[in-house]
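What follows is chain A paired twice: with chain B in the first complex and chain C in the second.
Entry: the complex of A and B
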């Protein structure tokens, strides 16, 4: 099942100009997604995961933002170098995106039908009657009853979960090859979250899509992702397939994140936290950006962590990490992370199914 | 065209009342208070009068039969007397009503045909109006009919005349020999006559045309300019925003009133010129409002979503962002209308607005106290009151609009 990557991001750097300072929100991110793969980008707020997603489709508001370096190859075309007209074909047609806030992701002055029809007409040369059929079918596909009637309704007339379904229907209406889901369930309550995630998994199977899932919820990652990239302060600090990552987390940040997840049946006590906060980009340390908060950093490596930034290196054939604490870090090669792994292809090697918050 | 029978489900659900959109909800909220209803009614009445005033206040009868050497001849002096300007006003008003009707009627048409239907019929409507306007302007010649039809009736040389409700033209004087200047209100002249013996009521109604014309045309120009400049500044920001704001500041530094005075001094009086100057200097507020709205809206998820679905720039700007950012601009346009009406009245009060004998509320106010030794209250009160009511109505509607479209008041 080894194949060409669907999307390859190489050394992506997106900076924002705020006042006098430059904020490198994304600072050299590389990864690949393969057909039918779900890649999760995990990190806390402000780590650059959403900016990465927006940069892929060149949706960064400019000014103040700008993609200063890097390449994004989609089916061997560089998205960052193509004309505005060409990338409009890709947007929605090949790569679709859904957003965190279903409440604000639909245009309040347009009916749902108008919004879906516009998406259809932008990318498909179909008759109006056929477009309505496609719109109705797309709403049915995401489990919306009475789809005909919904076409005429406005966003304020439907619930949050329904809005997210409509968003997904709009994103899928042109059968994209890649769906970027930017925290698709964060704003929904837990029961609806599960429904939407199930729906996403189902539409992914039906449409043979790849999914770039952006989230901060390790439970969602454990249940849905094939490959996981952990981001911290604008960089990927760990990259592995989902089983490997949960079995052998290497980076202290990843370990910290996992320790923070409360577990059923665990002894009562205070919830674990990672001390400190994400440093602001203006005060990023010269060396490892996690070093000031690192609980695992030992005295013998601390000076090295402070002076040198660890690059992302391939620790073994399924695992990349950017920490001097990784076993065999010094002898590992600094390659761009790429893993054509899909969990459907192999049986899980005994990962505890209770992993995660759900 | 689409075959509706091919979509039984669609025709079935079309039978249900269509869900109301944002604007429909906002309009219902706007019209809820009685005071706002009254104001909107008042403005509508003034607009209707300003368009149809040639049929309401004129000395020419709709129909009259003249005794001539060839027997009884039927004439339609009022219709023959309509000027090119009247025809153009009717055409424009007719076009606007037709556009509104198209919008309204197609609201119930299903989505896919609606968009095309609206475009095609609106374009047909506008181009038909433009063609008709050019034809009228080039073919129609204004008649000057100095006949005194009342006199003809009285002397028995004509019969069967039907006069307008207010049988006085705005420039029509009482015949010589009947000293009827500065006459108090009477059955003959409901609001009296001015110093030239002209009917005050008729002049007041005709003056609404000048006020509404200057108000709406100048604000239409200002809105168009302001929306384009503001949208570009807000959406692109950066250099575009900086340059645009400098232009806005430069235009704002121009004292409109004195600019109009200067232009009138150099080029003479012209209503059209006043409209254009008011429009070209009045757009900055709209541009500022729209810029601020666009700066806010452009980072909302649904705009990013529209861009992410591949929508081209014009669609993002004018289909997705403009309807969401227009609301504060409309509020400000309502105040802008009131301002334009006030400026027109001020100019006319100073005697440099519209060219006499064309009446204007400001000019009538001036005439009421001119010469300064006498003040004829019955000449000043009606136009002053109407001017006050108009400005008040626009301001009240503007305020109500601001409350009605406040998104926080939406459930």
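Entry: the complex of A and C
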């Protein structure tokens, strides 16, 4: 792993103007991805993870959205400062993206072949015959049989899993250095999910690229990610190496998420939940945004949580967290009591067992 | 593709037969048409004929009675009417004493030309306007265009036509356009270009009347479908590929926005034919619309019946073309 990060996002802020209010969907997000790394961004719906992904390629529809601050460095170029024309060369070329809804992400009235060829001609200077060869090979690489014939088919003629394979093939034709996968398996059923994730891992190895994986599924994270960023209400609240995170989650939100994952073999009972919902940006508290739902907050830190926004602090060389409950923030918080939402008979959450369900 | 077209054409026949049935029935049920031959008096019958003779003459011409004066059962009348249509005989006009076929062939090209020109103008204004309104949604361009087309849509043709005539083709105001007809009286002395210019000059006001309201509806549809498709996931995919906005719009969004436009082509033509009745009357143009008006006024049964049939057939053909165009534009449309 080289020392230079492939992509560095620094203090990204993307706001949306809706009606008379401003919604800061992404409110100061920073992270780095290194070569060949898979970074997973995890969080509930509406926490800003997709907006973060879209902001990197400046795909935020404007109006109503706007990236108001921050820097995104990709190989020492600031993507947010370059011209529209320059970023178009990056999109689909060096950084490719696949989306949540394979059903609607392909143009329904254009053949699969034409859609792939369009991407090839845009970024590579090749003859039509060579482009067709590349397209056929790309479909084979994602495990589509009879690739030659598929080129002439339309999206409605193939299944959902196959469409996501086509999306991946289309994203990979220009050999990107970074693939942004925005909930690539959410719309697919579990067996297809497993196949697609396996495929993503395989193409990542073959193409020597980094992956930014947006998901809300901790099982997917445990299986696929090297590094995890947990997002809540527009901010990253915890950032850690995947083994470190599952062995030693620090932020109450992360702990809450892990407690929610049902386990095979666990005694039957109600599933654990985090009380409440993500607050709307209008009612974000001044201090820690998770405080109103926090089950770990103790009386001695509560006032501090309410008054001050905890910043992301380094816990050890592989772990950052934004909570006053982290060891080192406060001696009182360091001796946090038993977690109320972790079952007493369980050891600290290890790798959650949704993999068993796959 | 070919088998689809053939099948689609074959499917038109049952519809056409149903239409002839309805047209025949409605015309027969309309009061004042066939029951009293006394309606037809003006100028065309010799004065020495008795009223009874006149009635018999009319009934004979309308194929209501046999040569011997025996009434023909209505079912037989229908079958014989169909038989004559198949042989290209649409009957003889009572008002004009001419074969209806000849009248239709004279008048149809006039109306179709004006209507097709109007349709092209409607699309040339509505499509770019709608696309611009979609791109600049909510901005000034969008609002002006939306308000403008709504205002035009709300103006009745008959009022606009009279105003245009009164202000632009009137010696007391501006006498810029001719007030009636399609050609000047001295066309024989004109060169080809003069002839074309003269024609264009004559049809300006009628075409204006036919098209000003038509683009409001189309523009709204175009705007709607572009806005819809601009927000679709495949548009985002196209942008994520690195395509420039122009290609995203002209290729991906346009392809998907074609379908409603095609549907409206199919609906516009029959609609315009209806509008022609008023416009041709206002501007004294000898087209199908005016013929329809005159025939109805004179209770000219063969003409009314034939015009209804011709209009229906034109509607059917334009729907056929819509279906074929659908089939070509959208691979999802199949009738297999």
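Keep this in mind: the second predicted complex is superposed on the first by the 327 of 358 C-alpha atoms of A that agree within 3 Å, B and C clash if a C-alpha of one lies under 4 Å from a C-alpha of the other, contacts with A are read in each partner's own complex, and residues count from 1 in each chain.
Operating definition for what follows: a residue touches a chain if its C-beta (ideal position, glycine included) is under 8 Å from a C-beta of that chain, and two chains touch if they have at least 3 such contacts.
All values derive from a computational prediction rather than experimental measurement.
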Partners on chain A (chain B, chain C) - clash or fit: clash
Chain B versus chain C as contact partner of A:123, first or second or both or neither: both
Which of chain B and chain C A:131 touches, first, second, both or neither: first
Partner chain in contact with A:26 - chain B first, chain C second, else both or neither: neither
Partner chain(s) touched by A:149 [first = chain B, second = chain C, both, neither]: first
Between chain B and chain C, more extensive residue contact with chain A: B
Which superposed partner A:107 touches (first chain B, second chain C, both, neither): both
Contacts of A:210 with chain B and chain C, given as first, second, both or neither: neither
Partner chain(s) touched by A:222 [first = chain B, second = chain C, both, neither]: neither
Listed stretches 98-106, 152-160, 170-178 or 278-286 of chain B, narrowed to the one that overlaps chain C: 278-286
Shared chain A surface residues [contacts with chain B and with chain C]: 57, 59, 61, 88-93, 96-97, 99, 101, 104-111, 118-119, 122-123, 154, 156, 167, 170
Residue ranges of chain A touching chain C (in the complex, touch as defined): 57, 59, 61, 85, 88-93, 96-97, 99, 101, 104-111, 118-119, 122-123, 154, 156, 167, 170
Contact set on chain C toward chain A in their complex: 231-234, 236-244, 251-252, 255-256, 329-332
Residues of chain A touching chain B in the complex: 54, 57, 59, 61-63, 88-93, 96-101, 104-111, 113-114, 117-119, 122-123, 127-129, 131-133, 136, 148-149, 151-154, 156-157, 167, 170-171
Touching residues (chain side chain B, partner chain A) in the complex: 2-3, 6-7, 9-10, 12-13, 16, 18-23, 110-113, 116, 237-238, 298-302, 304-312, 315, 319-320, 323-324, 407, 410-411
